[in-house]
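Written out below as structure tokens is the structure these notes cover.
As written, the chain order gives the labels A, B, C, D, E and F, with residue 1 at the start of each chain.
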Amino acid sequence: MPAIRLFGLPTDINSSFERGAAAGPAAIRAALFSERGNMASELGAEIGTDIAFTDDGDLQLTENTSQDDAAIRRHVVMLQEDGEVPLALGGDHAVTFPLVEAAATGFGPVNILHFDAHPDLYDDFAGNPRSHASPFARICEAGHAARLVQVGIRTLNRHCREQVARFKVEVIPMADFTPDRVPVLDGPLYISIDLDGIDPSAAPGIAHPEPGGLTVREVLAVLHKQTAPIVGADIVEHHPGRDVGDVTAILGAKLVRELAALIDRNGTYKN
Amino acid sequence: MPAIRLFGLPTDINSSFERGAAAGPAAIRAALFSERGNMASELGAEIGTDIAFTDDGDLQLTENTSQDDAAIRRHVVMLQEDGEVPLALGGDHAVTFPLVEAAATGFGPVNILHFDAHPDLYDDFAGNPRSHASPFARICEAGHAARLVQVGIRTLNRHCREQVARFKVEVIPMADFTPDRVPVLDGPLYISIDLDGIDPSAAPGIAHPEPGGLTVREVLAVLHKQTAPIVGADIVEHHPGRDVGDVTAILGAKLVRELAALIDRNGTYKN
Amino acid sequence: MPAIRLFGLPTDINSSFERGAAAGPAAIRAALFSERGNMASELGAEIGTDIAFTDDGDLQLTENTSQDDAAIRRHVVMLQEDGEVPLALGGDHAVTFPLVEAAATGFGPVNILHFDAHPDLYDDFAGNPRSHASPFARICEAGHAARLVQVGIRTLNRHCREQVARFKVEVIPMADFTPDRVPVLDGPLYISIDLDGIDPSAAPGIAHPEPGGLTVREVLAVLHKQTAPIVGADIVEHHPGRDVGDVTAILGAKLVRELAALIDRNGTYKN
Amino acid sequence: MPAIRLFGLPTDINSSFERGAAAGPAAIRAALFSERGNMASELGAEIGTDIAFTDDGDLQLTENTSQDDAAIRRHVVMLQEDGEVPLALGGDHAVTFPLVEAAATGFGPVNILHFDAHPDLYDDFAGNPRSHASPFARICEAGHAARLVQVGIRTLNRHCREQVARFKVEVIPMADFTPDRVPVLDGPLYISIDLDGIDPSAAPGIAHPEPGGLTVREVLAVLHKQTAPIVGADIVEHHPGRDVGDVTAILGAKLVRELAALIDRNGTYKN
Amino acid sequence: MPAIRLFGLPTDINSSFERGAAAGPAAIRAALFSERGNMASELGAEIGTDIAFTDDGDLQLTENTSQDDAAIRRHVVMLQEDGEVPLALGGDHAVTFPLVEAAATGFGPVNILHFDAHPDLYDDFAGNPRSHASPFARICEAGHAARLVQVGIRTLNRHCREQVARFKVEVIPMADFTPDRVPVLDGPLYISIDLDGIDPSAAPGIAHPEPGGLTVREVLAVLHKQTAPIVGADIVEHHPGRDVGDVTAILGAKLVRELAALIDRNGTYKN
Amino acid sequence: MPAIRLFGLPTDINSSFERGAAAGPAAIRAALFSERGNMASELGAEIGTDIAFTDDGDLQLTENTSQDDAAIRRHVVMLQEDGEVPLALGGDHAVTFPLVEAAATGFGPVNILHFDAHPDLYDDFAGNPRSHASPFARICEAGHAARLVQVGIRTLNRHCREQVARFKVEVIPMADFTPDRVPVLDGPLYISIDLDGIDPSAAPGIAHPEPGGLTVREVLAVLHKQTAPIVGADIVEHHPGRDVGDVTAILGAKLVRELAALIDRNGTYKN
């Protein structure tokens, strides 16, 4: 079974509206280790007992995106060389580009399961091609995605619909969503969870609330049906300054447990 | 395609428990025009690009209900004469009476799709026949409703059940609700959304939270299946003083976008 | 029809993480009698009009668990002797042990329908066998449960799975839950609702938020399908200090109304 | 040194605007015993180490004011007979009437130091002579107050100014307040702290916020300069449903420590 | 004594960071008329009993600043011609320009007492000369201010210090502030209260929190020492979406009462 | 003038009650660079214009205290060798030990001005000598403090009073505090601001609220009177999960500006 390595990416310099997501890793980590909850996952296995799981703390980032991208890639490549699976906590969604790039370096183009209210496919946003509204445009252009399946989407405008067509993204908009409509993807599988894909009633601690999102149970149903080996995952965009009673941090911690149990259950990817 | 005219009705003098809904229009307008979100609807069209949409600001109201009723009717009649569709932001639910009355003046009795936790059918409430708990009693008495379909209802007491029978209201109580049970109504169609019809987890910024309400997705499913031309709509009872992180204002703004796209899609009503 | 007696149990000395639930009864009572809502239940009957319902206020508890257990048992036994049905407001979940013990004294082993995020089956928690994480271990050991059906569970760890097997608890974990999977139980029926069984978006005012819980509609669907006479019920773990806009207190008050209407509808238990 | 007996009075049936204060004792007790804080007072002595202090839990109240008044008087008289000093947690301010009445029974008319935004001198409020807006009218009429000194007052209307004149109340309005203007009272001294006397920024968890109140430091300065033996004290009107991050409960707990240390320091009253 | 006319200006189109202040008038009005508080002022007089006071509701504004400016001026001029004193509720601070302009039209250059965290003297802000950061630059340029005294200031940068020198503004920065340092101004006196001049602990519902502000008592002390006849006043920048338990709306309502009592006490201005 | 180097220390493993302070640096940085505020200090100078100021981002910490201590010391020593002044954002207060140790390595024993509700002098807390309740015990034992002056203290228990005596700490308890009683210290001066020294109304986003604290103006008055060259400073214990409307993060950002301006004004320390 693969060992899982948790690390935080405390950066929000590519946020388009307001900063705050850099505080996400610390808030989720505090919830994960709080005695308010326990270490069990709904799949049965427990972190620290049944699952090999290490918390590396946060990477030291610099407010310079190209330096940070390089540091993130280096860290992931190092873990991959040890046969370990990275589980990253953002930070804003811009961090998914170097995370997936490193995965593709190790495994070739990956299949991506992406939870989000927004497609994050802008060619650029307000002039910034590395905006948190753009990582999947960069990933697709670079050929890092074999398939890109997007779940939770409910804000598609004309430009993003054009990008969906251009990159052959498989969007399952909320208006048509049921867990059954989400395909079971092959490995190597990468999972990216933007917490704003979930309904803001369940995840208020995010910068861009968009009502009408996924329930936590729908997210778990989509995750639990995935059987392919996972080569990387991230949970991004937690903005503690807008949270209510720490509930989004607690949700992030639950998703850490569920992703860890899923990575463990699905086993190691072999080319 | 009909042009849509948004306007606010900042009044809460007919609120039975606590005032606050007069601040609703300004809060929803701020969310609608904030760069936190975008202008896309889930139906595809965008306000300002694909849909003719004008914001008229707020009507000047006076704390005198009969004067205010007259001003609201005048404004709606003026829009109707120009072939435009009124989309009103309350204020408390008492404003729906003059709004529907003006619609009935122009189009004859209308079919009404009404989202609410409460039937708002009180003969009077605490002695006030124009209470925000009574607009649909006034509408039915005046013969302005061809059909009245109520969705989200979960507080029926004996008096209101008697009023339901008396006025032949078609109530779909929450205990039996699925979107499939809501009929597709003919035009001329009027849509009234009291935000407390939605579950208070998704819409906390209202005066009368009643757990067990509609999800945002259920509201959108009911709306999107309506195909008849729409002659008027309102979104009422947002009380910003009880909101959490502006999420109810953001929801109100999303419903403005979805109603505008629906009015646009369903086209102009012709007798 | 049985008369219903509401009483509060303001104690939280057996809470494992933080105190606060002792304030629950007063907060729920204030919501129940507030003019913000009304007295109707979704089953149709109204407290005070159609249902015999008395509020006894709070029992005087002492911060000494064995004394408090005795006081709770005495109060319930007294009500039972008068043919009345106890409806208790916690306090933390530890109070369910004396409540069920008294019911079993009167009626023999009871069938228990238990809503919770956690199974509360710890042999002891942090050395406390009367912890709020342990009442159902004590109930099962004592032979007070004919059947124990648990709904909403989403935190099972190894120890608790072992306890489930040992006590033959019927757990319906959230990952498999639909209301249809919950059995209709025979009488004598006892119902225990830990508010954290409900999703924290709808019930934020609790000490241990666990995302992915029951919706309020799911709770009501499970309740409304129960047809057996009810001999006791409780609503526990409301922690007002973590509530948001009183919404959990309002939910607790709604559940009082729904349980009262259900007790009334299902009639008196006869051996 | 006198032994101090803490007890809660969880009642809010005499609240004029909204209930909620019945949850106050549980919330303050949870804060007092939480490991978030410690047991030291600013006077130096610590509860449990240096000061004889017992928590009796809450009195069982009944929603019937005359019964409750009798129960409160009995409890206080019992403590007084043992030479102990009552320290009560409200509940709404109506409880101060039986508390002071019992003190006057034991010691004769008392000198009262009263912290509040409001004089609570209404002859009746909305027809209720036992309203939480009226306890000091009842106390004065009954002759239980040798002197009544009110601090924090900032809402005097004509009726209350007339009552001030009638009862010779010594009001130090906020507009003139400095701690130096508050007299040092003789014993037997009774202290009543309505938390809304403190500025709502420091005590948000109350039903009637009135900006421009006392700082916590000003309250402590007024308390610490009192040198007379204290025969009773109360802290009332905490409404946890409006609190923010439990800070008013934490403030209530701090005032428990400070009052206990003051009672201990000032010693036993002797006629 | 002059009659006072309250009216709302629900506009926030000139807000530089985020909209929301347009909802201010409705929120303050709801607090003013709520039974949570009463109508007494600390000066003794009561609205509705001792003071002639009318609420005109909100002016109908249009999202077009020059049209809105004209409408505001017209309304004020009309009131002045009737010998009445305007008391306006913003809206963002941009509304103070037409308010003062109208006052100067009637009375010649006025003496202005201005409470604010910021001097609002930007020549323009982000290209907008009518920004809410610029009204006092426009007022000074137009010669409408005989004296401009600013209290609460704690964010002076170089540009604003240059504007202070250019316009001979009398700034009393927070670092030096005591109420004694504020001059008693002659009439005709205009008072403008930006709620962010007050400390954000007491006034959280504003867009630009700046710690270290005035206490409510300091504001009242400065107001109460003013003896000159007042020809106009405003309370601006309340943003209900950021408020906590309505406390800023309640503060705004208290300032309405205090300003009304002060206008009444100081009498009519005579050239 | 010395150049200032800001860096974050996102760690909370030595927090005694609940984690969360690791998210502090990101939250304060987001507030500092938000367009909600500006870059001016009350001393006049502006960051980025008048003051040499660099943000280094966060140090990469490891959840291992001795490794982290070494990393912090290395970073500070490196800055000191370049003649730059470290300004650190915690994190919990445990980080002050390596920060001061590094300062003492460079400059010899330092004079420390320490703002806090608690003396943080525990010999150990719950068995942890590196607890956030103990850093000043470690600093004093190691001889790194020439003088230690503590301001804001209001929780002294017996053990801590003994430690005060043992280490000759100069405590100015809140009960006696005025800014005038704080001495002007000589250089080399180190300033440590635990945000819980400030009143929880102004700084709610902390783990251990203790009412009766310093106002922001009192903190600024004590800072501004210090004239000695500053060799290091920290702002610690911001816990965003408990913040309200980001106001504590905004306060932290203001203190960054004020400390930077003070360091700049007071100039470089020379032995």
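Going forward, contacts are C-beta pairs under 8 Å (C-beta built on N, C-alpha and C of every residue); 3 or more make two chains touch, one makes a residue touch a chain.
Treat the numbers as computed from the prediction; the structure is a model and nothing was measured.
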More contacts between chains, B-E or B-C: B-E
Cα-centroid distance, subunit A relative to subunit E, in whole angstrom: 47
Approximate Å spacing (C-alpha centroids) for the pair subunit C, subunit E: 53
Set of subunit B residues in contact with two or more other chains: 18, 199, 201-202, 244, 246
Set of all touching chain pairs, with the criterion as stated earlier: A-B, A-C, A-F, B-C, B-E, C-D, D-E, D-F, E-F
In the complex with subunit D, residue positions of subunit E that touch it: 35-40, 42, 44, 46, 49, 199, 201-202, 215-217, 220-221, 224, 244-247, 250-251, 254
Residue numbers on subunit B that touch subunit C, as the complex places them: 16-18, 154-158, 161, 173-175, 199-202, 204, 207-212, 242, 244
Subunit B residues touching subunit E - in the complex, by the definition given at the top: 10, 12, 18-27, 29-30, 33-34, 55-63, 240-241, 243, 246, 249
